[in-house]
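After this come two complexes, each holding chain A, first together with chain B and then together with chain C.
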Partner chain A sequence: MNKRILIWILSYGILTVFPFLIPLFITGPYVTHILILTVMNIILASSLRLINLSGQLSLAHGGMMTIGAYTSTLLVVKLGLSSWVALLLAGLLAAVIAGLVGFPFVRLKGIYFAIVTIFLTAMVTLMAQQWRSLTSGSYGIYNIPRPDPIVIPGILNITFTSSVNCYYLVLVIMLVSLIMLYAIEHSRIGLTFRGIQQSDSLAESVGVNTAGLKVLAFSIGCFFAGITGGFYSQYIMAIAPDTFGFLFTVYILIYMTVGGSGKFIGPILGAFILTILPEVMRPLKQFQPFFFAGVLMLVIFLMPEGIVGLPGRLKTIAGRLFKEQQERA
Partner chain B sequence: MDISTLLQSILNGFSSAGIYILVALGLTLVLSIMNIVQLAHGEIYMIGAYGVYYITTSLGLNFFLALVISTLLMGGLGIVLERLCFRPLRGQFDRAAIASIGLILILQNVVLSIAGGDPRSYMSPFTGVLKILGVAISWDRLSIVLFGFGLVAALFLFIRMTKTGQAMLAISQDRDGAALQGINIDRISMAAMFLGCALAAIAGALVGAIFSVSPTMGGFALMKGIAVIILGGLGSIPGAVVGGLIIGLIDGIMPILTTTHIAGLIGFGAIIIILLFRPQGISGHE
Partner chain C sequence: MLKIEGLTKHFGGLAAVSDLDVSIGPGETVGLIGPNGAGKTTVFNLVTGFLRPTKGRVVFEGKDITTKKPHYLAGKGIVRTFQATNIFPDFTVLKNIVFAHYLRPRISFWETVCHTQSSRRKEAEILQRSHKILELVGLEPVAGTTAGTLAHGYKRLLGIAIALAAEPKLLLLDEPFSGMNAEEVGTTMQLIDRLEQRGLTILLIEHNMRAAMNLCQRIVVLNFGKKIAEGSPEDIRENKEVIQAYLGAGEVIA
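Moving on to the complex of A and B:
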C-alpha cells in the first residue's frame, strides 16, 4: 500500500515538474509561444469539460475569453489596477455574466443551448467592435503591460518581461485550475453534475436543482475562460475583438472531443497533442490543415471515446485476437 | 428617410431572406431526416458558387447551364458525403457535428489551394433595373427573391405530392415508425442530402453573381442559416420560411436605422429573446 502511494506521488510529481523543466532544454521565442498556447488550451479544454459534465455543449468560451481579456486590459490601462487583481476580476466578471445569461439559457436543451452560446460569442465580438469609446473598436488595444512583477524585498523579484516567465506563470495557473477542476468534479456537486448529464429529469425528480447547478457549471467553466483570456492579453500585450472568435471556440471543442470528454485526462491529452502536432507538421505548409482535419476525422470515426479510449479499445481487440487463437488451437 | 429608401431596403431584406431560406431549407432537411447538424453546409454553398465561376469563365458556358451543372455536382457531393461521412455517425449528434467541422477544414482548404484566397466574381445574367412607382429595383436582387420563393414552393409541392417527399415527412415525424412501414431510411437520407446540398449550391451561385466568391464566404451563410432554423424551429419548413423572412428583413431594414454591425447585434439578440419565450422555435415541436 505504502509503495503504491509512493509511486503515485512520484509519477504525479514528475508529471508536474517536467513542464517546468522544458524551457531549460528547449529555448527560443517560437517554442515558448507554442508551449504557452498548449498550456492555455489545456485550461480551456478542461474547463469546457466541466460544463460538458453537466450535459451542456457550450460554445461561449471564445466570448468569455474576449470579456476576460477586455476586462483585465481596461482595468489595468484605464484604472491602473494591479494586473493580478485585474486578472481575477476578469475571471469573476466572465463568471457573473455567464451566471446571468445562464439562467435563461439553461432552459434550452442540447443543440439549442450550443447555438445560443455561439450567438453569445458573436454578440460579444460585435460589441467589442462597436463600443469604440471603451474598446477602441476593431483596432484593438496595444501596449498592454505584462503582469506586474512579484517582489518580496530581498528574497524574490520575478518580472514577466521575458516570455519564459510568462510560460511559468501560465503553468502555475494551469496547475491551480486543474486541481480546482479535479476537486469540483470529485466533490458532491461534481457527482450531481454527472447525474444531470445522464438524466436531468431523473435528477430533478429526486430533488436536485438542475437549473441552478447547470448555471453553476456554466459559470465555473466560464470563470477559467475569463482568466485565460485575461492572461493571453497580458502576455501578447494586445487585444482585438476577433482574437477569440467562432473558430477559436470550435477548436477548444475539438481538443476536448478528440482527447475524450469521458475522462479528466482527455481534454489535457487532446489539447496537448492537437496543439503540438500541427506545429511539428509545419513543413507540410499548405497541407497542414488537411493533416489536422485528418487526425480529427480519424479519431471521430475510429475512436468513439476519443484518444483516452484507445488503450481500452486496443485491449478489447487484443483480447478478441487472443480468444480466436485459443479457439483455433 | 424617404419612402423609396424604405422600399429599397425592404426589397434588400427580401433578397437576403431568399438566400437565408435556401441555405436554411437544406440544413433543416438534413437535420430532420438524419438528426445531425451539417456544419459544412456553408462550404457546399461556397463550392457551388466556385463551380459556377469556373464553368462560366473556363468553359465559357452560359450562367444558367453552369448553375444547373454546379447544382447537380454539389448534390452528388452531398450523396458522397452522406455515404462516407454521415451514415456511420447517424444518431450521434456531437460526433457528427465535429466530423462536419473537419469537413469544413478540408473543403475550405481544398478550395483555397486550388483557387487561392483572392475573391473572384462573375457576371450576373440579370442586369438592368425595374422601375415601379419610382423605386428602382435591380433585376439581380429581384431574381434572388423569385428563385428563393419559387424553390420553396417547389420543395413544398415535392414533399406534399411525391412518395419520396411523404417518406421524408414520415421519417422526420417518427424514424422507427417510418422504418417499420418499409421506408428505406438510407435512401431517403441520400435524397435529403442531395436536395439540401443542391439548394445550398443554388444560393451560393446567386450570391456569387451579386457580390464575389471567396473561400470563406460559407461561414456567414452557415451562421444565418442556423439562426433561421433555430428561430423557425428545427426541422420545420414553414418555420424556416418565416424565420428567414424575419432575419432577412431585420438585416435589410435595420442598417438604414443604425449601422450594419448593430443590425447584426439586434438580429442575434432577437433570436435569443424569441428562444427564451419559445424554446422550441416559432413553429417547432419538442
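Moving on to the complex of A and C:
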C-alpha cells in the first residue's frame, strides 16, 4: 500500500515538475508560444469537460473567453486595477453571466443547449464589435500591459515581460485549475453531475435540483474560460472581438472529444496532442480545419471513447485475435 | 396525508385526467388501476410535480403543493419510481443508492469539494445506510455490479431501492412488477409488504391484478382519465363497470 502511494506521488510529481523544466531545454519565442497555447487549451478542454459531465454540450467557451479578455483588459486599461484582481474578476464575470443565461438555457437539452450556446458566443463577438465606445470595435485593443510583477521585497521579483515567465504563470494557473476541477469531479457534486447526465428526471425525483446544478456546472466551466481569456489578452497584449470565435470554440470541443471525455486525463491528452501535432505539420497549417474534422471523424467512428479509450479497445481486439488463434490451433 | 382535489390535465384537446378526487391516509396502500392510456402515469406526474395540472389541487400534509418542483417534493417526502428509465446505468448498484442519498444527509458544496472531516463522516454514514437498503431489497450480492448490466427484474428492484434511499413518506410506485417473472413478482410483493409494515404510505400503479388486489387496502380505477370506481379489492372485483372497462366483458380473474 505504502509503495503504491509512493509510486503515485512520484509519477504525479514528475508529471507536475516536467512541464516546468521544458523551457530549460527548448527555448525560443515560437516554442514558448506553442507551449502556452497547449497549456491554455488543456485548461479550456478540461473545464469544458466539467460542463459535459452534467450532460450538457457547451459551445459558449469562446464567448466566455472574449468576455474574460475584455473584462480584464478594460479593468486594467480604463480603471487601472491590478492585473491579478482583473484576471479574477474576468473569471467571475464570465461565471456570473453564465449563471444568469444558464437558467433559461438549461431548460433546453442536448443539441438545443449547444445551439443557444453557439448564439451566445456569436452575440458576445458582435457586442465586442459594435460597442465601440467601450471596446473600440473591430480594431480591438492594443498595448495591454503584461501581468503585474510579483514583488516580495528582498526575496522575490518576478516580472512577466518575458514569454517564458508567462508560460510559468499559465502553468501555475493550469495546475490550480486542474486541482480544482479534479476536486469537484471527485466530490459528491461530481457524482451528482454524472447522475444528471445519465437520467435527469431520476435525479430530480430523489431531490436533486437538476436545473440549479446544471447551471452550476456551466458557470464553473465558464469561470475557467474567463480566466484563460483574460490571461491570453495579457500575454498577447492585444484583444480583438473575433480572437475567440466559433472555430476556436469548436476546436476546444474537438480536443475534449478526441482525447476522450470519459476520463479526467482525456481532454488533457487531446489538447496536448492536437495543439502540438499541427505545429509539427506546419506547412499544412492552412488545412488545419480539414485535418481536425478528419481526426474528429476518425475518432468518433474508430474509438468513440477517445484516445483514453484506446488501451481498453486494443486489449479487447488483442483478446479476440488471441482467442481466434487458440480456436484455430 | 395526500389529497387530490379536482385534478385535471389537458394535453391539447385531450383530457388525460379529468376532475379526479383521491385521498390517501397515512400508512395506507392505495392502488391506481385502469386500462392503458387511462391516465395513471399522468396522475403520478401531476402529483410529483413533473407536470403542472390544468385545474385542481394537490395537498400534502395540509400544504398545497400543486405547482412545486419534483426535487422540492422529494425533499418533502414524496418520491416516485418510473416505468422506464429507473436507474443510473453507468453507476454500480451501490453507487446508485449512494447517489439517491442526495438530500439526507445534505452535504454542502464546499464541504464536499474541500473533502472536509464532516463530509467524510456523512459519506461514511451514507455508505452504511446504502448497504442496509441493499440488504432490505435483496440486492446486496450485486452491489458492485454496473447497474446497466443487471437482469431486468433486478433493475426494477433497484429502481425501488433508489426511491427508498430518498427516504419517502409517500412512495409512488409506477408498475413495479412490469416485466418481472413470477418469482420476482413474489419477492417484490414481499418487499412492498415489508414497507407497508414499516408504516410507509404507498400509491401503486399496477397492471398485475393479483398483485394489486393482494397489496392494496383500497383501489381506485381510472378509465379515460375519470375515476369510475373506488373501494376495497373485493368491491372492485365485483364492480360491473370496472369489469366492463378494464377486464373486458365476460372475463373472470383468478
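One rule holds in what follows: the second predicted complex is superposed on the first by the 317 of 329 C-alpha atoms of A that agree within 3 Å, B and C clash if a C-alpha of one lies under 4 Å from a C-alpha of the other, contacts with A are read in each partner's own complex, and residues count from 1 in each chain.
Criterion: a residue touches a chain if its C-beta (ideal position, glycine included) is under 8 Å from a C-beta of that chain, and two chains touch if they have at least 3 such contacts.
Bear in mind the structure is a predicted one, so any value in this text is a computation, not a measurement.
When chain A is checked against chain B and against chain C, the one touching more of its residues turns out to be B. Of the two partner chains placed around the shared chain by superposition, neither chain B nor chain C is touched by A:13. Applying the stated contact rule after C-alpha superposition, one finds that A:110 touches chain B and leaves chain C untouched. Of the two partner chains, chain B is the only one that A:257 touches; chain C does not reach it. In the superposition on chain A, A:195 makes contact with chain C only, not with chain B. When the shared chain is aligned, chain B comes close enough to touch A:127, but chain C does not. In the superposed model, A:312 lies in contact with neither chain B nor chain C. Once chain A of one complex is fitted onto chain A of the other, the partner contacts of A:29 are absent, as it touches neither chain B nor chain C. When the shared chain is aligned, no partner comes close enough to touch A:145: not chain B, not chain C.
Interface of chain C with chain A (complex): residues 48, 50, 69-71, 74-75, 79-82, 85-91, 95, 98-100, 102-103, 107, 109, 112-115, 119, 123, 162-163, 165-166.
Contact residues of chain A toward chain B in the complex are 57, 104, 107-112, 115-116, 118-120, 122-123, 126-127, 129-130, 246, 250, 253-254, 257, 286, 289-290, 292-293, 296-297, 300-301, 304. Note for the complex: chain B touches chain A at residues 37, 85, 88-89, 92-95, 98-99, 101-103, 105-106, 108-109, 112-113, 219, 223, 226-227, 230, 234, 259, 261-262, 264-265, 268-269, 271-272, 275-276, 279.
Looking at the complex, you find that chain A touches chain C at residues 180, 183-184, 187-189, 191-192, 194-195, 198-199, 201-210, 216.
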